[in-house]
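Both of the next two complexes hold subunit A, though its partner changes from subunit B to subunit C.
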Partner chain A sequence: MDMAAPRETQSESPILRLQSVDKLFGDFVAVERVDLDIREGEFFTIVGPSGSGKTTLIRMLVGMDKPSGGDILLRGRRINDVPANKRPTCMVFQSLALFPHKSVGQNIEFPLKIRGVPPAERRERAEQLLRQLHLPLDYHRKPVGQCSGGEQQRVALARALAFDPEILFFDEPLSAIDYRLRKALEKELKDIHRETGKTFVYITHSLEEAMVMSDRIAIMRGGRIVQVGTPDEIYNRPRNRFVSEFMGEVNVIEVERAGERLRDTATGTELVGPHLPEGFRHGFLVVRPETFRFLDGAGGAATPNRLEGTLYNEYSLGSRLQYQVRVGASVFLVEKLREQRYLGQLDDRVTIGWDPAEAMLFEE
Partner chain B sequence: MSAMSTSRPMKWLLAVWIGTVLVFLYLPMAAIALASFSRQRYFRFPIPRFDTRWYEDAFTSLSVRDLLWTSLTVAAIVTVISVVLAFLGALAFARYDWKGRSVYQKLLLLPIFFPQAVLGLALLLWYSALGIPTSWMTAVFAHLVWILPIATLVISIQVYGFNPAWEEAARDLGASRWQVFREVTLPILWPGIFSGALFSFLLSWGNFPLSLFTTGADSTIPEWLYSKMVSGYTPLVPTLGTLTVVGAALLLLGAYTVIMLVRRSRQARATAEG
Partner chain C sequence: MALDTDARSLESELEDSGHARRAQAGGAAARLGAWVKQPGPLLGGPLMLFLALGFVGPLLLVAAFSLIPPKTFDLSGGWTTQNYVDIVTESYWISFAWSFGLAAVTVVCLLAVCYPLAYAMTKVFGRAASLLTLLLVIPLFVSENIRLFGWVLSLVKGGVLPGAADLWLGIDISGLLYTVPAIVLGLVYVYLPFMLFPMVLGLSMVPDRLREAAIDLGASRWQLFREVELPLAMPGILIGCLLTFILALGSLAESKILGGSVVVMIADDIESAFTFAQNWPKGAALSVLLMVLAGGLIFAVLSRLDLDKILGRG
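For the complex of A and B:
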C-alpha cells in the first residue's frame, strides 16, 4: 500500500533545492556537498544520528546559518544570504522556544503582531488555530509555563502555522516527549500536514519516527546524504549497512567470498547470500530478526543457511517475541509473532535459518 | 517520631537565637532613629524629651539640601550608566561565546577584590597624576569602577537562564533585530536589569570610602555623617542617617510596587489581547 506516490505533490520543480551545500566550522566539515530536492507539499524527513550534520543543515535552510559553499534555492530563487526573518519559512525548535513571558495566545499571535495585523484579526486567527490543534479556547490567556509538554508542542506548532510559512521546518520537537504521547503526536502531525497541505521538513534521529510520518526520507551520516527515498524504499532497499542498521535491530554477519557462496568469517560456516556483486570479496550480511526461522526436523532441511546454537533468552515486545540465540561467540536476534512463538525452553539447542533472498549483502 | 520530640526544645532555641540576632542587628538602627527625635544636642540614651525640630532643620537647611542633591545625582548617574553598560557586559559575560570571554570574566571581577579604600586612594592618585580636578563627577567614575562589576554579575544571573532559541525563534517568525530586542530579549531579562539598577543605586547611595577619596570639595551624605561624627556632632547626624535609611527603604518599596504593577499589567494585557 503505497500512499506516498499518488499525492498531488509531485510537481515538476522542487520548492526547495540544495545544490552541493557545504558547511565548515574552521577545519571541521559539518555538512558536505549535500544535494536535495524537496517537493511542494511533501512531508520530508532528514534522519541521522547525533553529529551527522542534520541540525547544521536545517539551520542553513531556515536562515540562521549561512552555507560555506553551494546554493539553496527556494522556488528557484537563491536564498543563501537571506536572513531568517526575511524568509517565508519557519521552524518549530527542539526546545520549542515558546516565549515564557507571553501567554499561549500572545505566543501564537506573535508572528501576526510582528506583521502589524490588527488585534481583533490576530485573536480570531489564534482561536482558529487553538481549535485546529484541539486546545481549549480559554488557553488563549494561559501562561505557556502552565501548559503540559504535549500542549506546549501544540502551541509551538500553532505559532508556526500562524506565520503561514511556505515550508515548515521541525528540529526534533518530539525528542523530549515520552513514548506514548510521542506516538500520538506523530500521527497528529501527519494529520495536520494533510489538513494544511504545506511542505513539512522534519529532522529526527529516529528512523522509526520518520517512517510513521514521511512521504520521503533522507538519511544523513557524517555530513553527507547517504540515501533518499520513500519509507518503503529505505526499508526494503537500504543502500548500505549503516542504513540497514539504522532501521532498528538487525543481525550483521561478517562474510567473505567463498566461490559462489559466502563464508562466515567468525565461524567458518558456509552461507548462501543474495546474488553477489561483481568483484565482491568481503562484506556484511544483514539479516532482520523477523526473517530468521527456527528450523526443526524435516521442514527446515531445504533451507541452505543454517546456524546451530543455544536459546539464551526471550524478550517480550508485546505482539511479538524476541529470542537471543548464541552461536559460538556470536549473538543473534530472532523475532516471532506471539502466535508463532517458540515452544521449547531456554538453553535448548536450536537451529535457526533464513531464506537467502531475504538477507541483504553490503560491501561496506 | 524522634524528630518530633527533639524539635520542640530545638524550635525554642532557634526562636531565641533568631530573636537575639534581630535585636542586636536592628536595635542600633532603632537607637539612631530614636536619637534623631531627641531634643537634646548630645547623643545620650535614654532620651529625656522627644522632638521633631531636627527634621525641620534638616528640611530647611541649605547644606543638607546640597548633600542630598549630590548623593542623589551621583547615585542616579551611576545607576543609568551602570545599567546600560552592565546589561551589555552581562550579555558578553553570560550569553555570547567569544574568544576572550574567560579572561574578560576574571578581569571584570577584579575591582571587587580591592578594598574600597585602596581603590579610592588609587583613583585619587590617578586623578591628580592626570590633572583631573576631583568633584562629584570623579566620584561617579569611582563608584562605577566598583559597582559596574556587581551590576554585571546581578544581570548575568538572569542572562544565564536565557535560552538563545527564544531570540532565534522570534527572528525566524519575522521579527527584526529591534523587534526581537523589544518583544523578547528585554522583557525576559527585565527583572535582572531592574535588580541591577536597584543594586547600583543603593550601593552608590550608601558608599562612603570611594566618595571620601574622590568627591573633592563636594560631599555626599555618608561623607558628611562621618565628618560630623569625627568632629562637631550635631543631632542632624542621626536625623540625616535615618532619612537615608528611610529613603533607601522607600526606594525598595517603590521598586516592589513597580514590579507588581508591571506583572499585573502584563497579565491584564494577556487577558485582553493575547
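For the complex of A and C:
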C-alpha cells in the first residue's frame, strides 16, 4: 500500500468536488448532503449496498440526472446543468451498453465518429486500443454479439477510453461476471489505470472489489457517505459497525458498560474492551474471525476475554479454515490459517478468546 | 474421457438401429408414411392443406386464366400470351404508375406521420400510450368504406371542413374532394395502424441504456437518431413500409370514394375486367403482373437489406 501513497499527494486541488449534493425523487431522499473530493489521477471507488444511492450519485456525476441541491465542480467549474453529451467524462455501464448493430471496431470508434474524426485516424486509434486491451486486431470487424463476456468488457472499456475522458466512471461493470474472470479483469483494470494515468471513479457493492483496485474508497449507506479513506484506513479503522460488517464476516457482540469493563448483554459475561470512549454506555464489540484464538488450558489463562462453547462446524476457505463455535444461543466464527488448524473434533468443548486491543468498539 | 466414449458408442448404436428400421420398412410409400407420422408434418398438415386449397390453388388458377384467349372462360382451350400483349400495348401502364406512385407517396407520408407518434408512444407518453393504442385500434372495427364515406362528408363541398372553413375563416376549400391529395389522405388514414404498430415495436426494441450510452459518449440528438435509434428500429420500420406499400398498391376504395374518377388505380382496372368487362383472362393477367411487380420490388428491397445484420445477429 506504500505504492499508493505518492499518488495521494499528487495534486492539491481536486478534479471533481461534490459540495452538499442532494437528490430527491418526490419525498424520497436518494442522496443526502454528499461532500467528496476526487483527486486527479486516483482510482476512487464508491461502495455501498444496493439502495445506498451510489447509482443515483454516479448518474449525477456523469450528467444523466441533475442534483436537487448542492454543487458538482469539475476542475472548479460548476457542471450541475451541463448535459452528459457536453461533459468531458464518460461511463462504462453495468450492462456495458454496447451497440449491437455495430462491430467491435465501430463501437470503439463511436465517440470519435461523433466528434468527426476522419476514418483513417479513427481506425488507427481503435487498433491501438485493441492492442492495449489485449484483443486481436481482426476483432475490429467482429459483431459485438459474438464476443464473450470478458471480451465485451474490454470493448466497452476501449470505447470509453477512445472518448479520452477526463474522468472515467464505472457503474459496477464486473458484477455480472463469474469469479475468476472478475478477479482477472479487476487486475487488468488497475493496470489500465496505471498505464493511462486517468482519474477512475468506480462504483460497486463489493468492498472486496474496491479494496483490490482503489487508491481511496468512499462507503455509502442510505444516501450518505459513511467513511472515506484508503483501503488500509477503512480496514484498520472502520468508523462504525456498518463499515466493519461491510468488510466481511465479523462477530458482533452487543455490550453495555460495566464500570471500566463491558458486559455482554446476551449472556452477562464480563469482557475487557479496547479503550472506552468518553460517556460510553451501550454499543457493539466487533471481533474479526481471524483475531479469535482457541485457548487451551495453560496458555490461554492470561487472555481476559474468554468464551466457552461447542465446536459445531468447520468450513474450508482454501488457505484458511473457518470454525463455527456455538456459545449459548450465539454463534461465533473463528478463522485460522490451514497450518494452525484446530486438531480436535466436532462437538468438542472449546474455549475461544481474543486480545482486548484487537477488538473494535462502536457506539452505533 | 470415459463419458465421451460412452456417448460415441451410444450414438453408433442408435445409428445401427436406425439403419435396421429403415431397411425393415423399405419402399417410398412406407417412408412417406413414417414422415407423416412425425409431429412436424402431422401438426402442420391441416394448415398446409388449407393454404394449398385457399391460397396456392386460387393463385395458380389466376395464373392459368391469364394464359387463355381474351374473353373466354374455358381452361381447356389452348394457351396464349395475348392478354399480356394487350396490356402492354394498351394504356394500362398509367394505372400501374398511379398505383405505385400513390403507394410510394403514402409510405413516405406515413413515415413522416408515424415516426414521431411511435417515438412518443414508446418514450414519452408512458401509460397514456395504451389509451392511444386503443383509440387507434377502435376505428379498425368499423368498415373501411364507412370510414371513407365519413371523410367524404367532411371534405365534400359544403361538408364539415369546407363549411367550417367558409363560416369561421372565410376561406374557400370546397374543391378538396375528388382530388389526388384526397386519395392520399384516405390511404394514409386507413393504413396508419399498419405503419404505426410495427414502428412502435421497432422503437421499443431500442434499449434506453443504449440511448444513454450514446449521449454519454457525446452524441447529439440527431447523431443519436442516426447512429442508434434508426438502425435499431429499422426492422420494424421496414416491415411497416412493406405492409403499407403492398396494401396501398392493391387499394381500391380510397381512389373510388375519395378520388371519384380523377384517378384509375390498377385494382380498379382489375375489378372492372372481372366484373363490368367480363374479361377474366385480362383481369387475371393484370393481377399476375401486379403480383410479379410488387413481389420483385419487395425481393429487391429485402435482398439489399440484411435483417440479421440490422438486428446485430449477423
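Convention: the second predicted complex is superposed on the first by the 361 of 364 C-alpha atoms of A that agree within 3 Å, B and C clash if a C-alpha of one lies under 4 Å from a C-alpha of the other, contacts with A are read in each partner's own complex, and residues count from 1 in each chain.
The criterion applied here is as follows: a contact is a pair of C-beta atoms (placed from the backbone, for glycine too) under 8 Å apart; a residue touches a chain by one contact, two chains touch by 3 or more.
Bear in mind that the values here come from a model prediction, so they are computed numbers and not experimental data.
Aligning the two structures on subunit A places subunit B and subunit C in a clash.
In the superposed model, A:Gly70 makes contact with neither subunit B nor subunit C. In the superposition on chain A, A:Arg115 contacts both subunit B and subunit C. By the touch criterion stated above, A:Phe163 is placed in contact with subunit B and with subunit C alike.
Judged by the number of subunit A residues each one touches, B leads among subunit B and subunit C. In the superposition on chain A, A:Met91 makes contact with both subunit B and subunit C.
In the superposed pair of complexes, A:His140 makes contact with subunit B only, with no contact to subunit C.
In the superposition on chain A, A:Ala126 makes contact with subunit B only, not with subunit C.
In the superposition on chain A, A:Gly105 makes contact with subunit B only, not with subunit C. The residues of subunit A shared by its contacts with subunit B and with subunit C are 62-64, 83-85, 90-91, 93, 95, 97, 99-102, 110-111, 113-115, 143, 159-160, 163.
Remark: subunit B residues 163, 165-166, 168-176, 179, 183-184, 187-188, 266, 270-271, 273-274 touch subunit A in the complex.
Those residues of subunit A that touch subunit C in the complex are listed here as 62-64, 83-85, 90-91, 93, 95, 97, 99-102, 110-111, 113-115, 143-145, 159-160, 163. Residue ranges on subunit C touching subunit A, taken from their complex, read 207, 209-210, 212-220, 223, 227-228, 231-232, 309-314. On the subunit A side of its complex with subunit B, the touching residues are 62-64, 83-85, 90-91, 93-95, 97, 99-103, 105-106, 108-111, 113-115, 119, 122-123, 126, 140-141, 143, 159-160, 163.
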